[in-house]
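Order as written gives the chain letters A, B, C, D, E and F; numbering starts at 1 within each chain.
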Amino acid sequence: MNGIQLIAGSSHPVLAQKISKKLKIPLTPIVIKNFANGEIYVRVEKKVRGDDIFIIQTMGGGVNDTLMETLIMVDALKRSSAGRINLICPQLCYSRQDRRTRSHEPITSKLVANLLTKAGIDRLITVDLHAEQIQGFYDIPLDHLFGYPLIAKMILKEKYKDIVVVSPDIGGVKRANKLADLLGAPIAIIDKIRKEHNKCEVAHLVGDVKGKTAILIDDIIDTGGSICGAADTVKQFGAKEIIICATHALLNGEASKNLEKCSATKVMLLDSVPIPKEKRIKKMEIISLAILLSKIISRVHNEESLGELFKWEEQHKLL
Amino acid sequence: MNGIQLIAGSSHPVLAQKISKKLKIPLTPIVIKNFANGEIYVRVEKKVRGDDIFIIQTMGGGVNDTLMETLIMVDALKRSSAGRINLICPQLCYSRQDRRTRSHEPITSKLVANLLTKAGIDRLITVDLHAEQIQGFYDIPLDHLFGYPLIAKMILKEKYKDIVVVSPDIGGVKRANKLADLLGAPIAIIDKIRKEHNKCEVAHLVGDVKGKTAILIDDIIDTGGSICGAADTVKQFGAKEIIICATHALLNGEASKNLEKCSATKVMLLDSVPIPKEKRIKKMEIISLAILLSKIISRVHNEESLGELFKWEEQHKLL
Amino acid sequence: MNGIQLIAGSSHPVLAQKISKKLKIPLTPIVIKNFANGEIYVRVEKKVRGDDIFIIQTMGGGVNDTLMETLIMVDALKRSSAGRINLICPQLCYSRQDRRTRSHEPITSKLVANLLTKAGIDRLITVDLHAEQIQGFYDIPLDHLFGYPLIAKMILKEKYKDIVVVSPDIGGVKRANKLADLLGAPIAIIDKIRKEHNKCEVAHLVGDVKGKTAILIDDIIDTGGSICGAADTVKQFGAKEIIICATHALLNGEASKNLEKCSATKVMLLDSVPIPKEKRIKKMEIISLAILLSKIISRVHNEESLGELFKWEEQHKLL
Amino acid sequence: MNGIQLIAGSSHPVLAQKISKKLKIPLTPIVIKNFANGEIYVRVEKKVRGDDIFIIQTMGGGVNDTLMETLIMVDALKRSSAGRINLICPQLCYSRQDRRTRSHEPITSKLVANLLTKAGIDRLITVDLHAEQIQGFYDIPLDHLFGYPLIAKMILKEKYKDIVVVSPDIGGVKRANKLADLLGAPIAIIDKIRKEHNKCEVAHLVGDVKGKTAILIDDIIDTGGSICGAADTVKQFGAKEIIICATHALLNGEASKNLEKCSATKVMLLDSVPIPKEKRIKKMEIISLAILLSKIISRVHNEESLGELFKWEEQHKLL
Amino acid sequence: MNGIQLIAGSSHPVLAQKISKKLKIPLTPIVIKNFANGEIYVRVEKKVRGDDIFIIQTMGGGVNDTLMETLIMVDALKRSSAGRINLICPQLCYSRQDRRTRSHEPITSKLVANLLTKAGIDRLITVDLHAEQIQGFYDIPLDHLFGYPLIAKMILKEKYKDIVVVSPDIGGVKRANKLADLLGAPIAIIDKIRKEHNKCEVAHLVGDVKGKTAILIDDIIDTGGSICGAADTVKQFGAKEIIICATHALLNGEASKNLEKCSATKVMLLDSVPIPKEKRIKKMEIISLAILLSKIISRVHNEESLGELFKWEEQHKLL
Amino acid sequence: MNGIQLIAGSSHPVLAQKISKKLKIPLTPIVIKNFANGEIYVRVEKKVRGDDIFIIQTMGGGVNDTLMETLIMVDALKRSSAGRINLICPQLCYSRQDRRTRSHEPITSKLVANLLTKAGIDRLITVDLHAEQIQGFYDIPLDHLFGYPLIAKMILKEKYKDIVVVSPDIGGVKRANKLADLLGAPIAIIDKIRKEHNKCEVAHLVGDVKGKTAILIDDIIDTGGSICGAADTVKQFGAKEIIICATHALLNGEASKNLEKCSATKVMLLDSVPIPKEKRIKKMEIISLAILLSKIISRVHNEESLGELFKWEEQHKLL
């Protein structure tokens, strides 16, 4: 494999800069322009022939523009004879539409996989997929990284006592369980969709949080409604201190306000998507994926094993 | 679309016969032979040109032979100019290998999808996938049916009191939750993988079963070890009566003995795989998928909507 | 082929309504929602199994959202066993990026073709492609319609005298020539990119417009800058009356103001994209494609020849 | 990438020899035989495993035999484990059938793209495509070179005065415009298809050639009928001196005679196809592509940028 | 399936006419033109949308032109929305290059399969493939017909006594054996490639022909050299009467002269390729495939079984 | 290409060990487990990223399990970013189902090719295919090796006199002929399917074996019935000594007993499949493919020519 190049899409310049600095590889110059009707024009401003290209792009907001920008970049690179096109996409869009729950629905997450593959990516590197099965939507190599160990490390450092990991809903139990494993803690689940005997919906807690430090974990915080509701629920059930954690902090709409007002005292977030200043609040602690992604890029380029980076415990030690 | 034909693979003749009888369509004659080295020979003994073919095959035991038999049947049909090849496969093999949990693993469930699609099936009809995301492994139409409503209906008929639906592990919580929705009951979870302070593994119950009728639900019963252990656990935690339910009763090894000995008083199973006489025990109640599958075949052939058959509540009423 | 259905994307409800009315086929109900991060959710609210589906969608503004919406609709239809998926897309996005004019560029128009084909459309019906070669970017049947005869008909009806058809630039000469053929008129060309002896750029007219009615024709009016400049140029060169014509009236930014102020007395537009009230000015005459598209849909569904609809002269007579 | 090899098809041995000499790489021995029924037999007589292969082949005459020979060579190379198969094809056949102008026509130029890609070429290098959009018919890397700068260079060297570049028809305006840009000259167009008021066809000149040196440019000279007619037309309109230029000198039928007799005093041709002695006439000046192609081959093999070779001005300086 | 259409390529107008007459379906008008450089232009002159098209084309001489003509016809039909494209090609070109016997060779017969499939045929109908395994080169339905029963029927009618079927070489033994089965006769083999102790090549006969009627059978007669040599060999070994039979009478070069001069008294040929008057000699008896092919077309169109047409014995009775 | 790795499937550990030892490359550790229902779990226990992987697997018995195991290994390797996946499979399963001899049959050998290619192998290396045309079932590089020269070498070493090579049936004549070429011997054929005048089947010998050493050659010995019958037949026709040779010694059922009892005095076998101790009898001489395969692996990895290894005569000298 020839030289290595980093190319940043327009979605997360801060993360791209951090990775570039960490790896001591300058970002390849690229023109990305928007026409009046929304069409995107892309031109790489450097020779890429034969090189091992890493596109750094994430899909937090304006996902359709970002996805299309990515596909166009890949098309330009492929036609310019790039040696290998690796897409680093910490937050993959449409991952919640990963199955049909009603008839006449699409599986947009698979569609996205088909589009990226058809455009010509050779490898996808992503973080904390909404469902791990999405790996199988791709037939190209996909390196799926876990961000939760970074959160676990931060929690352990702060030496909380009497921890319980709480899943804000039934769908997130496995995720909570994994974090609990890392922390050596029990789990609890908020089950708010049960309607007994046609009564109205009542938040229900499976497990025990009384007097404990409740760690609420989710993959995505969108408008924050459900995670903040969960924080208030565990408060009602007697939790002493409440910490919210998430990988993908989309923070749409009133999310920051909701987090500000809710019962949580701390919000730990990864920077899989950019978190602009106006959305940041005091409670937030933001942990960067830059070091993890830099290591991955370096290993993939040098054809070294990523093995231990895929395991929670071992990744833990490395970072 | 021309005529309709039903072709039975060698895996589940009883189910095929039931469907054939229900639909009043005779099974198309087919030769399936095994050579001394295990190679399979298939020959359809009737003209299929232009017809709408439904293969009835399931993958309970000897899955590699059955999968290969299926692929060969599809190849023969495709080369014989079949109009459309629909595979009815209530139990899809390798569905538990649906993601990579460690490095250097395959995603065999996706591989199976690729093989079936490459061989030439035009549609897949299956029941209670291990993970719903497996739908996205296919780009052909896939009709995913739920068998749990059939179980719910049976439970409701027997008028148990004070029901709690119990998931035997963290991975099965969503499934338990769905059944609980149908039954209007709360859920509980057995969480046996937590190791607190390096102590040995202890079965742990999140939620409450004391004095209740515990419905233990799983998708697959393989050797029965884990579901029977779960039954004993809920017994220890004070459940009054225990019922085990599952869609895919593989019943390998000592499964029947284990079920016999365990604390459950009833075992409700669907016939997605054949359950031979020697594996049947008194506690078992077997509910057939034949009516559901017959309806599906008829609607697919006549290009009618399956919409309501995909919803738990409405499917419930239909059957 | 079973029943016919019309499904409207969110891009051009007026055109969809007109076609629906003309064909006396109601639009199939569909849910199209946007999530806070821009993700689109689509669900068809009627059975489509086996039916011949015509999606009516155009790509005037917000093209990436519209393109993605289209791909998701196609995915939903394909997985719902639609019989055939025909995309009626009068204005195809990215058609100006149809070749690489510099190194390290994409060919986004081909990328779009690959994406639509991969998602699963069976046929594309479009109007006045930026370059006719884009037909070859598709290997599925593509019915390419001409809108110019509708403009020609309107011009002929108004009985202008001494017509000359003017191409506003070198790239549009073939288009002008075709319209001139229909009108039995000569052509002229504005050639503004020649720089003789390093002087600044001068608009240059190849051919003669003095005292004539100049018909300026372009395929796309984006911000209108270049077509309005062309109108002023032909004015300077002595044209008596000036009419601007175009198929795809994107009318971005100051387009309507520019058209208002320029030397043209009339602006004839097709409705390949919606032209909202606030962009309409008095000079504009808008000719609808609804009748042409309705005829096409009807013929495609009934497997009748479109032959004559592809020829300028004959299409002319039909409409 | 391992070693580099040059393999010549049977179509243009002289060009292949020149490139081989320039690059100091001997041509790989290959057997190409014809059977009595026209079937072609190909066998490479040297190990190609892992090597970077450049096939030198053009498609001037007997295009179907040459195309098939090329496909067979590619098949042999692919099955012999060639590392990368690059096709150098200065004149690509069927490029004029690049769109459907009437119903029920093929797009043979796209078909050719599909055939070459299916057979297994990894890259195409070609010169002066009939339409630049043909680039998008390929999804493999395609390096499209311009030959016109070589012609411009020759014209500039001869210091003609008062140049006008003339397109022999409407379709060639863009090409003429590009050459005019290089020469800093104005353009004119012959428009012979206008029929005013049902009169017979009259050659019509848009622009001015009186007393000037008219440079007539076309991509392909087939039988020469149209370009020679154009030369006579510009003569009638008063051109002082007339020079015909073209990249692809097919020179079929009476082409050489026609060129001999017409009003042009010079005919400048590139050697994208072989021009046998019997077709050569005194007026002809033949400029070889060998140096340009050699540079390309060398850069592609060494994964160097071709960027400047794609730009008219810069390519100009290089050669 | 809609209407049926027959389209004749330029290769075998007589056979196409016979089939058209037999089926009472007129040939669809089509324009096939050749440009000076050998490029082929095709245009179907009738609507084909949705219809079931049967192309009648064979590949006897000028195979590359014919193959390319076929591919272009298919491209035109596909882009014109033909319902199904069936290629009737009694003699498939390049079928002798069906494996690699030396390194660095192509497998052109597979390449042809890939090209036809890529262009878009939906079904191939052919006669007496050089090797039956070529069926597996296709993944579309392929109906492989036997022409030998037509020959067998003719031989039986003439009531020869004491027949032995002779294969002219080792490679043809299976074919001879099949004919022998139909005739109830023994076989013999000419084995001319054995070189014992470095002596020169000697024709060697395995089996016995003395005093018998020797039926020499081959699939293809190209220049006739080998089959005529075989006739002379069996003469030397004492055969009383000699009859040569073949399906594909390419008759290149001196073939007719060779057949005239050789020891055979009769040459029975099928008309899988046209046999022009100037190649016909008195000994020849030509049996037409028209009836067999007409029956096939009719059955394929009506989705009836071809089963018995694939069996020698039963086909025998039908024709 | 990076490092080389050998990975052994579970089918032929002895051969894998021999190759590993010969090449001085240890076998890569791999976990291959079977679940109770026959599902196979595979995990490679070493980093393979970027490496050149050679899987050593054969398909002698339990072919469906072995084929599936192979496909799963390939899937795991592909998803783990292996650089190139080469499958060494001396005995390819289902190679006898390489064409349709009756209607409504599959071509399973092609299906296997499609499955292996779809799963992701980059190259196949195999020995003595049942029909050489199977090479064309693959579009990836396929290196087809001959094992017969190893047998020829052994026969020549033992200095038998008056050799005749006998094909046990019509289908094997080419194979016998090739061996005869190597040995400089004549051939004979057993033709046991002729039924003259409705009499019962009689073994019939074409050629002469009286007093000679008859070498009976077949590619596969399955249950041994037909080859042993052939041995007895040549005995009846007067052969003095009889030697049976074969590449693929499946030895199913009573094969060893049959060989023991039959008229052959020696049975020469290659080890393309494992021959367990309980199946070995005194007459057997087993020649290992390990040296040949080791040479191939080494050359493929180093991108050296295999040319001479494909020729009988030259391979002969090398081993």
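By our rule, contacts are C-beta pairs under 8 Å (C-beta built on N, C-alpha and C of every residue); 3 or more make two chains touch, one makes a residue touch a chain.
These numbers were taken from a predicted model, which means no experiment stands behind them.
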item: Set of chains whose contacts include both chain C and chain B; value: A, E
item: Distance from the mean Cα position of chain E to that of chain D, given in whole angstrom; value: 40
item: Distance from chain E to chain B - Cα centre to Cα centre, in angstrom; value: 51
item: Centroid distance [mean C-alpha coordinates] between chain D and chain C, Å; value: 33
item: CA centroid of chain C to CA centroid of chain F, Å; value: 62
item: For chain E, residues contacting two or more additional chains; value: 47, 79-80, 100, 102-104, 107, 110, 114, 139, 305-307
item: Touching pairs - complete list by chain label; value: A-B, A-C, A-D, A-F, B-C, B-E, B-F, C-D, C-E, D-E, D-F, E-F
item: Contact footprint of chain F on chain B as seen in their complex; value: 35-48, 60-65, 67-68, 71-73, 75-76, 79-80, 93-94, 96-97, 100, 102-108, 110-111, 114-115, 118-119, 222-223, 250, 252-253
item: Of all residues in chain D, those that touch chain A in their complex; value: 123, 139, 141-142, 300, 303-307
item: Contacting residues of chain C [partner chain B, same complex]; value: 2, 47, 49-51, 78-81, 83, 120
item: Contact footprint of chain A on chain B as seen in their complex; value: 98-104, 107, 109-110, 113-114, 131-137, 139, 144, 170-171, 173-174, 177, 180-181, 184, 186-189, 191, 193-197, 204, 206-207, 305-307, 310-311
